[in-house]
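One chain, subunit A, appears in both complexes that follow, with subunit B as partner in the first and subunit C in the second.
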Partner chain A sequence: MSIDVIDVHKEYSGTKVLNGISLSVKTGQLVALLGPSGCGKTTLLRIIAGLEHPDSGTVLRDGIDLRTQRPGERKIGFVFQHYALFRHLSVFENIAFGLRARPKSIRPTEEQIREKVNSLLELIQLDWISKRYPDQLSGGQRQRVALARVLAVSPQVLLLDEPFGALDAKVRVELRHWLRERHKDLGVTTIFVTHDQDEAMDVSDRIVIINKGYIEQEGEPDNLYANPANFFVCDFLGTVNTLEFNGKKLYVRPHEITLSATPGGLEATVTAIRTAGQMVQVALVCNGSPITAAISHADHERLALKNGQTIYATPTVQREFPL
Partner chain B sequence: MSSPDNSLTPHLTLGIGLTYVCLIVLVPMAALAIRMATVPFHDIVESLNSVRVISAFKLSFGLSLLAALANTLLGLPLAWVLARYTFPGRKVIDALIDMPFSLPTAVAGIALCGLYGPEGWLGTAFERIGVQIAYTPAGIFVAMLFVGLPFVVRTVQPIITNMDFSLEETGACLGASRWYVFRRVILPTLRPALLTGFSMAFARGVGEYGSVVFIAGNIPEVSEIVPLLIVSRLESYDFTGAGALSLVMLLASFVMLLLINMLQRRMAQ
Partner chain C sequence: MKKVRPFSPNTADAPWLKSCLIAFAVLVVLVIVVLPFASVIVQAFSEGPSIYLTLLRSSDMQVAVLLSLKLAAIAVPLNAIFGILLVWGMTHTQLPCRRFIMALLDLPFSVSPVVVGLLFIMLLGKNAPLGGWLEEHGVQVIFAFPGLLLATIFVTLPFVARELLPLMEGQYRQEEEAARLLGAGWWRIFLKITLPEIKWGLLFSIILSLARALGEYGAVAVVSGNIRGKTNTLPLHIEALFNDYELTAANAAATLLALLGVITLTVRIVAELKKKRDSNEH
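Here is the complex of A and B:
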């Protein structure tokens, strides 16, 4: 199912949170809403879910205007940042909640509910803890239970608010690969909110970068990284150096700088070298301002860099942004 | 909390705590029990075995239970409104809730008596529809309602304030009706606090004296509560009779609070 957000505005007591956001998400896509905290991305997600109402503009699901539909009628599942599991209900009952809540005429039988919940427990690989309570689960398990609970009502669209935000680093990476796999199997249109660019790059088909209530740029992760439309996007998606070169102001990523011992390019002084990692990070001072270059270990050995050494830096790309 | 580096501290705090509870709570109650132990058992039974005493017990416990129940049912929406909504006058109402806590009970009694008495404007209004409140059990109920309300509101309100809003939103997103979410999400979350508020309001109702005696009229077998009976026996120097009533009251209150406590523990699991 596709989602279309059309010119949505939202204001909270005089503060503009969303300034005319338009966005189309095609059936089966996995889209990340990426932006710094307070940029309006969660508000946008809540408007799509029907938990907030836009001041103007609307949301369509498969071309159907959702304005008059309550959250439970939209066939949209929402997973909250802190999962919002029902503490007094077991894992099984948490997942069964949406099915049991249905009016009698469309409520599945006890047997159908058990079947559905058990199949979801298998999907999230937690069938062995169905009788436990949320307080007895780890963060990653809670997240998966929250996901199963929302999948139980067979939503056409899945919305996830900072799905990995409350997890520790290792679990986070595992879970996002797991989510990516599940998305491949289920094919449910999914929109998730994150402030972590690595997460957005790693998981999504498409990234929408939001800042101060506007969409700065959207596109495929690789394309956004290589061709940012403006300084904000360039800066948000990774480290960027600002260089004065041949009278032009260039925006260059650390790996887009080559260092050489022979004069040419910009004269710089090495202030620090960090060799731990796939690239060697070299901190330089160039015309009084600090820049970072990332070079290969091979180059690092060839140049035999030392702190305080003078070196010549040349940008390999000519990226400029109109001011 | 335990502090492994200084094993004296937990023992010391435990000691101070227990001593305090003993001095303030246990010793006076034990004194009552010991005193009554010297009285022949059949004297105690005799002093309890009268229609007047039994109806006073029925009245005290029955009305306290009823008032606590009513306060729980009314206190929940009141606490909800105060915790969730902002409206003009909210702060004033919030402050008013505590009035029965701080008001001398005799003041409350006189105020209620003035309001519901035959001359009072609520009293005359009720009289017109044929309901008498002052000097009947209904009056006692009203007084108990008054003194018990803050217990329910003040125990439930902070739980509502701190309740994660996303729980309700999750329910709504999963297609549950507001009533279903209330029943299966909100109520279970509030249940322990509601039970605490109920038991405190009940205990207060059983022990209440000052605000009840004025409006009750204290007609034997009709509107006479146990605490009043105790006082009247003391006034006629019947210490055994007063002690017997007190002992029964003590045991009954203790058993009821114990039961509520056990229920609460079972729910917490």
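Here is the complex of A and C:
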């Protein structure tokens, strides 16, 4: 199922949160809405779900205008940032909630509900805690129960609000790989909101970068990283150095700088070296401003860098942005 | 070897101080609560249990008890429904006059019940326009059951709403949104999400308003007209008996009111224990 957001505007008591957002997500895609906090990405998600009304513009699902449908009719599953599990219901009843809430004519039998819930509990590998209550679960478990609760009603679109935001780092990486796999199996069109560029890069097919209620750029993760349209995108997706080189202002990532002991390029002084990691991070001062270069361990050994040493830096790309 | 003497940290109370404080508290409760209570019971039974029962079986007494129970039975559920609806409305919509409504809701607490009774008489009495009009159409409000009911509802109005407001402003709102997205209708959301969240508060406030409805004196006294065997509620009947120097009868009636008080208290304690167990379980 595809989702089309068409020119959506939203304002809260005078503050413009969304300024004409248009976006289309194709069936089966996994799209990340990426942006700093307060950029309007959660509001956009809530508008798609029907929890907020846009001031103008509309949202289509497979060409159907969703404005005519109530939140419960949109066949959209929404996972809240803090999961919003029903704390007075057991894990089993949480997952069964959507099935039990159906009108009598299309409500599954008790037997069918039990089967469906049990198969979802297996999917999230939590069948052993079906009788527990939400506050007896860890963050990662709650997250998976929230997902199962939404999947129980077979949504055609899945919306996730900062799905990994409340988890600790290790669980976060595990869960996002798990989610990626589940998305591959289920093929449900999925939109998730995040402020973490690593997460967006790691999980999604496509990233939409939002800032101050506008879409700055959208595209595949690799393409965005390599060809950012402007300084905001370039800066948001990773570290970037601003260099004056041959009279031009260049925006260069740390690994796009080569260092050499022979004169040429920009003269710089080494101020710090950090060797822990896959690349060696070298902090330099060049024309009075700090820059960072990332070089391989092999290069680091060959150059035998020391603090205070003078070195010559050359950018390997000529990335410019119109001011 | 030197003997180590364990010292008590400065913050710990000295044992004698603890005992003194407890003794003082017990004494206060004894003098102010238990003693009068016991004297009521002793007085009530001073002429023997058979007289006690006869006094309770007098027709005026039975009318008074029934009237009080009837008033509570109508006023309390009405207040519960009104309280839930009002608070639901205040928390789920952007009412501009929220503060004003809250202030209005405090009125029954802050105004003397006697004034409330007088207001009702001035509004609905025979000589008032509205009261006169009602009278012409055969509805007597003041010095009759409707007036008593209005007064009772008025003085117990805030209990449920005040108790529920902070609970329903709580953080379960996202749970409601989640339920809505899963296709649940408002009744299911109320039963499964909202009610479990507020049920103990609701029960407490119902018990409180029940106790107030049964024991209310001031406002009811003004609108009742003290027609014995007709518009006298239990508290009014006690006063009437006392004024007639029928001390034994007055005390017998008082034991009934006290009994109702004890029952409400017991329900509250049981509910509190249950609530504790509930929150331990989850």
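Keep in mind that, in the parts below, the second predicted complex is superposed on the first by the 323 of 323 C-alpha atoms of A that agree within 3 Å, B and C clash if a C-alpha of one lies under 4 Å from a C-alpha of the other, contacts with A are read in each partner's own complex, and residues count from 1 in each chain.
Operating definition for what follows: a contact is a pair of C-beta atoms (placed from the backbone, for glycine too) under 8 Å apart; a residue touches a chain by one contact, two chains touch by 3 or more.
Model, not experiment: these values are computed from the prediction.
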| item | value |
| --- | --- |
| Fit or clash - subunit C, subunit B, common subunit A | clash |
| Partner chain in contact with A:L51 - subunit B first, subunit C second, else both or neither | both |
| Contacts of A:A166 with subunit B and subunit C, given as first, second, both or neither | neither |
| Partner chain(s) touched by A:L60 [first = subunit B, second = subunit C, both, neither] | neither |
| Which superposed partner A:Q136 touches (first subunit B, second subunit C, both, neither) | second |
| A:L123 touches, of subunit B and subunit C: first, second, both or neither? | neither |
| Contacts of A:R149 with subunit B and subunit C, given as first, second, both or neither | both |
| Contact residues of subunit A, present in both the subunit B and the subunit C interface | 49-51, 71-73, 76-78, 80, 82, 84, 86-89, 97-98, 101-102, 149-150, 153 |
| Subunit B-facing residues of subunit A, complex | 49-51, 70-73, 76-78, 80, 82, 84, 86-89, 97-98, 101-103, 149-150, 152-153 |
| Interface residues, subunit B side, partner subunit A - complex | 164, 166-167, 169-177, 180-181, 184-185, 188-189 |
| Complex interface listing, subunit A residues touching subunit C | 49-51, 71-73, 76-78, 80, 82, 84-89, 97-98, 101-102, 133, 135-136, 149-150, 153 |
| Touching residues (chain side subunit C, partner subunit A) in the complex | 172, 174-175, 177-185, 188, 192-193, 196-197, 281-282 |
